[in-house]
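Have a look at the structure that comes next, please.
Order of writing sets the chain letters: A, B, C, D, E and F. Residues in each chain are counted from 1.
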Amino acid sequence: MIFLTRRATFSASHYYWNEAWSAAQNEQVFGKCANRNGHGHNYTLEVTVAGEPDPVTGFVVDLKWLKDVMEREVLAAYDHRHLNLEVEEFKAGKLVPTSENIAIAAWKRLEPKVNAAGGAQLNRIRVYETPEIFAEYRGEA
Amino acid sequence: MIFLTRRATFSASHYYWNEAWSAAQNEQVFGKCANRNGHGHNYTLEVTVAGEPDPVTGFVVDLKWLKDVMEREVLAAYDHRHLNLEVEEFKAGKLVPTSENIAIAAWKRLEPKVNAAGGAQLNRIRVYETPEIFAEYRGEA
Amino acid sequence: MIFLTRRATFSASHYYWNEAWSAAQNEQVFGKCANRNGHGHNYTLEVTVAGEPDPVTGFVVDLKWLKDVMEREVLAAYDHRHLNLEVEEFKAGKLVPTSENIAIAAWKRLEPKVNAAGGAQLNRIRVYETPEIFAEYRGEA
Amino acid sequence: MIFLTRRATFSASHYYWNEAWSAAQNEQVFGKCANRNGHGHNYTLEVTVAGEPDPVTGFVVDLKWLKDVMEREVLAAYDHRHLNLEVEEFKAGKLVPTSENIAIAAWKRLEPKVNAAGGAQLNRIRVYETPEIFAEYRGEA
Amino acid sequence: MIFLTRRATFSASHYYWNEAWSAAQNEQVFGKCANRNGHGHNYTLEVTVAGEPDPVTGFVVDLKWLKDVMEREVLAAYDHRHLNLEVEEFKAGKLVPTSENIAIAAWKRLEPKVNAAGGAQLNRIRVYETPEIFAEYRGEA
Amino acid sequence: MIFLTRRATFSASHYYWNEAWSAAQNEQVFGKCANRNGHGHNYTLEVTVAGEPDPVTGFVVDLKWLKDVMEREVLAAYDHRHLNLEVEEFKAGKLVPTSENIAIAAWKRLEPKVNAAGGAQLNRIRVYETPEIFAEYRGEA
């Protein structure tokens, strides 16, 4: 079994806010991230698939194909977007766009496409909010 | 003469938009950056001062002092902010918050404080929007 | 389950020395690291916690809280210190401050605080001595 | 159990080509990588061993020894070489030198030497083709 | 005056060889780089242009345009190529493809296109062969 | 004219202390760096030489030779050393080993050797104390 990983970056805005709370409560819990004008990050999305290398091509998956899947399923929706205002899974306060939740959301977007292609399985998603902070999701055990 | 540099990072949102243009014109010139919900970056601010090392301390400037100046003069205003909506020099469409203009704006914020302290002079500002793109300003010649 | 990671850096001195050995034996085993004047590194401490994101905040843990725990429990003791001379677990030759042992020591410092907070559990510690060398500890199985 | 990792880099050329296919078929599957003049990368080889730190030295393995093993077993054969033309496991079209296959090949070169030394066991190999793409192999389960 | 920089990467093969010398002489001067099977690198091309930010757009140049120029003029010719065998300025032993000469060659490719566009002037080219080695060219003074 | 740069790293300990001052005064000025047990860094030494590429070899200087000069003149003296206790230019309180002073000291060590070799001239020294802080020296104007 080989674990093959590809990284891509996207730039997005977000804020943390819970509509059920007062402004003061939001600021107490979320600090600077509660600023509803939004702030942003250069996110790194790191996608790992697991499988056996094809004996003829030496590929677990075609990395060009994986790049296209990542761009079509995640980057097209997230890059140069405001996550709270424009991205389906986060908008209207459905889900706070923390790195934790972005990792799970990216898994849900990628897993059906990667696994349906046959051969390799989605194994792990990492989302870096900064080089110092990242969240990792490996699916439901 | 020694050139001493310190880096810091801030996370901010921005968009590119010219009020005098139609939406179509803004999109043609600014592309994805014309999305008025904003998108964001982890910016790196790199500040270089030039001077002679003090013969007693070996310091061109006290790096702790430089960090405080950078935080007070730039990061306090820019970090976790929407540059177009909340930062004096960019708001109300006064100035498009490109890396070029952010570098000049940071120079204007830092130069009086650094140079007034005596000894070292502000020499160069770099603003990295991503690890692949950066703007540098050295003041008016 | 989400694995959430935060990095921090500290600068410290250390040397490798076994009091039970002759100087020649120490030099043979530890090479340049046996220099008892000490040498130093910019260490990176990488702390991973595992848990479910809170449905309201989207947090596995509050990253500001994690930063404070890391600073109070590890960095306050290790940063700008000589590990062999000033840090409890290494001093008086008790333990050689290799990256391996620093990772275990940091785990022992962090695990009670992280796990007592409820929710997330300490999952993994990485200590980078240089960008090329790092040790990882995941607790006792 | 501690997982201790060391990185090294090597510069090599390769191309992707299957002798059983036409040129058109090779180009369709392998794209730019099918150019038989070869192209190249600065590869990073990341080797992880697992074991208990020696109670006297604090070492899982002697990192100087690990560096020597990596240089003798892998870098001496791969660095400044054309993988398809000069490296035993890839030449004469035996195996396509993808990152996946390089990771497995490096494992086969390192595992007997690392494990025979006693104490630590080879745990994981990562091969970075670029900072954005890497393959990981953990041996046969 | 603002100095605006954009980076791009390309993967290429090369070797160092002087047809006028014996194999022994080539090996003595060029060492491992004299292997005529070629070896390769992930090169980073760093292009800096200098000019005044446009008062309306805030751009020294449109970074999308600069990316296209870099891809069309340099990357299309160098990426996934063997510099000695396929790239005009180096082939048939005309020029040894050192980082120094690649920087000058990239300047010659880019300067007419950048400068003809008006406004900004090509200011500096950097070519990183590895993260540890780079050559910089600023044109003829 | 080409500017050719090579980087190398060294790990060293240091502290900041002025014998003419009281302990309180040292702590006030130097903060955590006044701890006389020392602390340490992974320093990066970046050496730039300037010259014309040789028309036959394409080299400004032979990078292998430059590496040897850097190792012999600087790293042999600084790596795995305590700068205040073991390095000629800093010991006995002669000079505070700040990045500023290390850059000047490395210049003095390298300039005679580089310039005597003919062809290229030492152009610039950078010393990174951390990835966030560096000092640059270009010689006396």
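Simple rule for what comes next: a contact is a pair of C-beta atoms (placed from the backbone, for glycine too) under 8 Å apart; a residue touches a chain by one contact, two chains touch by 3 or more.
The model shown is predicted, which means the values in this text are computed figures rather than measured ones.
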Touching chain A and also chain B, the following chains: none
Reference chain F; chain at largest CA-centroid distance: A
Separation of chain B from chain E, taking each centre as the mean of its C-alpha atoms, in whole Å: 29
Computed distance of Cα centres, chain E from chain A, in Å: 34
Length of the line joining the C-alpha centres of chain C and chain E, rounded to whole Å: 42
Interface hub residues of chain D, defined as touching at least two other chains: none
Chains grouped in pairs wherever the two touch, ordered by label: A-B, A-C, A-D, B-E, B-F, C-D, C-F, D-E, E-F
Interfacial residue positions of chain A with respect to chain D in the complex: 1-8, 48, 53, 56-60, 62-64
Chain D contact footprint on chain C (complex, rising order): 16, 18, 20, 29-31, 95-101, 103-104, 131-138, 141
Residues of chain F that touch chain C when the two form their complex: 9, 11-14, 32-33, 35, 37-42, 79-82, 85-86, 130
